[in-house]
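First the structure, which I've put down as C-alpha cells, then a few questions once you've had a look.
Chain naming follows the written order as A, B, C and D, and within any one chain the residues start at number 1.
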C-alpha cells in the first residue's frame, strides 16, 4: 500500500485495546451472573431435611443463568467475528462499541429480573429489549465499519458482509418476535429465547458458513 | 536508531501490561456500576400491580448508570488516545497511571452517592471532584510523557500534543464549572455533566481532529 | 505451507481473544471467591475479646477458599497447556470453550455451598459435580481439536496428545471417586479433593513431562 | 541460539497468558476494594443535616482504600519488573505465580478487617501477614527463575538480580517490622505501612535504578 492510499484510509490500525476492553467486560458480566444464585440460608437444625429441597428450588435461577450465559456467548462470538474483519478504528467506532458494551454490561439486571419475576410479561420484555438494543448497536458497528469499506479491507468479500448482517439482525429479530409472542403467552416467548440460542450454537446454514465465518 | 540514541532515551518500551491492566480496571468499574441497580423486592401478592411502577422508579438509577458509563467511556477513549503516542514507560509513568486508575476505580462510590442523594449538592461535588482528580492525573501523565519528549517519539507533531492537552483539560474544566454552578442550581450543574458527555461523544472541532486524534 | 494446504485446514488462526476472554473469566472467578469471606460483625464493646475467636471461626471458609483457588489453578494451567498446542479455532471450539467457562464461572456457588454446609453430602456432590462437568468440557475441546489434527499442528507428538488426555481425564476421575467415597464418609471424600490438588501441584510422572508439557 | 542450546533451556517461552491472568487478578482486586466503601443510608428527613457528617465518617475507609490501592500498586509494579526479565516459564513458575495471586486476591478481606477494626492489633497483624506471604511468594518466583539462570537470559546483569531481590525483600521486611512495632504501638505500626508505600513510590536509591529497573 502506498502512502497516498494510507492517507485515504479512515481510522487507525491497532484494535488490540478495543477487543481487550470488550473481552474484559464480557468476562466480568458473564461471571457476575452466577452471583445471582445465592447459597440458601437454612436454620441450623433443619439443614439435612431442607437443603436438598432449597437447592431444587434454585433450579429456575440456575436455568436463567445458563440461558444468559449462552446469550452473552452469542454476542461475544458475534463481536469476535466482526472484529476479525474490522481492521482499523476511529472514534465513532470506539463509541459505538462503548454503547454496545453498555447494553451488554447491563445484563445482570434483566437476568435477575427475569429469574425473580419470570411470570411477569414486563420482565421478559425488558430482558429481550436490552438484548435488542445490544444487537442493534452491534449492527450499527458493522454498518459503520463496512460502509465505503471504511474500516475493513477494500477487497472484503461482499457475501461475507451480507452474512454477518444476516446473523447480526437475526438475534434482535427473534427477541422482537419473543416480545410480540409474550402478549399471547409467556411460555411461547421464552421458547423463542431458547430457540435463539439453538440457532447460534448448533451449526446451520442460517448462521454458519464454514469458509468465511466461524 | 543507534545504540547511543537508545541509551539517551528514558524508559523502556513495551506498554502492553500498562494498557492491559488499565483496560481491566475500566472493564470492571464499568460493569460494577450496574450492580447498583437492584431488582426490586415486592411482596408475592402485589407483583402484578406494583412491579411496573417499581421499575419506573428505578429510572434515576438507570440514568445515572448511563451517565457514569459514558463518562468512564470518555476517560477510556482519552487514555487509549494518549497511549497511542506514549511509546515507552518508566516508574514515574507507572505510578501516575496507578494514581489515575485509583480515581477511576473509585467511581462506583460517587455514582451510588449521586443516584441515592441526587438532590444534595455534596453528592454532585464529590462526583465531579473525583472526575477532576482523575482528569488531572491523566494530564500529569501526558505532561510527564511529552516533556522533553521523554516517553514519546522525538518527532511527534506539536499540534497533536496541544490537542490532547486541550481535550484532557476540557473535562476537569467542565466538572469544575459544574461544581461552581451547583452553588446556584443543582439542575444547571447536572446539565454541565451531560454537556461534557456530548462534547466528547459528538464529533466537534473542540475535541476531534480527524487526521491526528481519533 | 502452500495455499492449498491452508485451504484444507479447518478453523482460523489467532486464538488471542479466546485465551484473553478465558483468562478474564478465571481471574474474576478466582478473585470473587474471597468475597465469600466476610469481615465478622461484632458489637462495639466486645471487639477485643471476641474478634480473635471470630477470626478463628472463619478458618473453614479460608480453607475452602484456598482449595477452590488451587482447583481453579489446576484448570487454568490445563487450559493454558491445551492452548499452547491448539493453533486455530472454529465456532465449535468457541462454544466448547464457552461451555467450559460456564462451569468454571459457576464455582463461587458450590464453593459457598461447601463452606457453609460442609457437613452435608449434597454440597460435596454438587461441588465435585460442577468440577467434573468443567473437566469433561475441557476434554471435549481437546478431543475436538486433536481429532484429525483439526486445530493442532499436523506433526504434533502423539504421546503429547495422550499425556494431555490422561491429565485431563484424571481430574474428573478423582472427583467422581470423591463423590462415590462421599457415600461412605465425607472426610474421605474431602481427602480426595485435596489429593487432586497435590497430584497437579507437586511434580510427578502422572501429570508432569518436562520436555513436552509444563 | 542453536537448537542444542534451546534444548538445554528450561521452560517454554510465551509469558503472555501469565501476565494477562495476573493483570486481571490485580485489576479486579484493586477495583473490589472500593466496594467496601458503602453509600451511607440516612433516613429521608435527615439527609441534609446528616449526609456531610456521614461522609466525613467514611474517611478512615477511604484512607485504608487508598493505602491498599498503593500497596497493590507496589506489588503490581514489582511483578511487572520481574516479568520483564523472566523470559520463559514452566509449571513450577505457573504455580508459584498462582500462589502469589492467591495472597494478592485475598487483600479485600484484610483491608476490610483493618478499616473496620483499625484499633485492634490482630487486624494489622493479619493485614501485614498476608502482604508478607505475597512478598515471599514473589521472591520465590525470582529465586526460582534466576537460579541457574533457569528462566531468564544467560547474560542477565547480576547487579540487576540483586537489586530485584533487595526490592522484593524490602517489602516483607518492612511489614514484619510493622508487626513487631504493633506490640508497642499501633500508630507506629501503621506508620511503617505508610513508609513502605513512600519508599516504593518516591524514587530513591534503595528501590530505584534508572538504567536497570524501572
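Heads up, the rule we're going with is that a residue touches a chain if its C-beta (ideal position, glycine included) is under 8 Å from a C-beta of that chain, and two chains touch if they have at least 3 such contacts.
For clarity, every value in this text was computed on a predicted model and none was experimentally measured.
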| item | value |
| --- | --- |
| Equivalent interface positions on subunit C and subunit D, same or different at half | different |
| Chain whose mean Cα position lies farthest from subunit C | B |
| Rotation, 0 to 180 degrees and nearest 5, that superposes subunit B on copy subunit D via CA atoms | 90 |
| Whole-Å gap between the CA centroids of subunit A and subunit B | 25 |
| For subunit B paired with subunit C, centre-to-centre distance based on mean C-alpha positions, whole Å | 36 |
| Sequence positions of subunit B contacting 2 or more other chains | 20, 23-24, 27-28, 32 |
| Subunit D to subunit C touching residues, read off their complex | 11-12, 14, 16-17, 20-21, 23-25, 27-29, 32, 89-92, 94-95, 98, 101-102, 105-106, 108-109, 112-113, 116-117, 119-120, 122-123, 126 |
| Contact footprint of subunit A on subunit B as seen in their complex | 19-20, 23-24, 26-28, 30-35, 37, 39, 47-48, 51-52, 55, 65-66, 69-70, 73, 76-77, 80, 83-84, 201, 203, 208, 210, 214 |
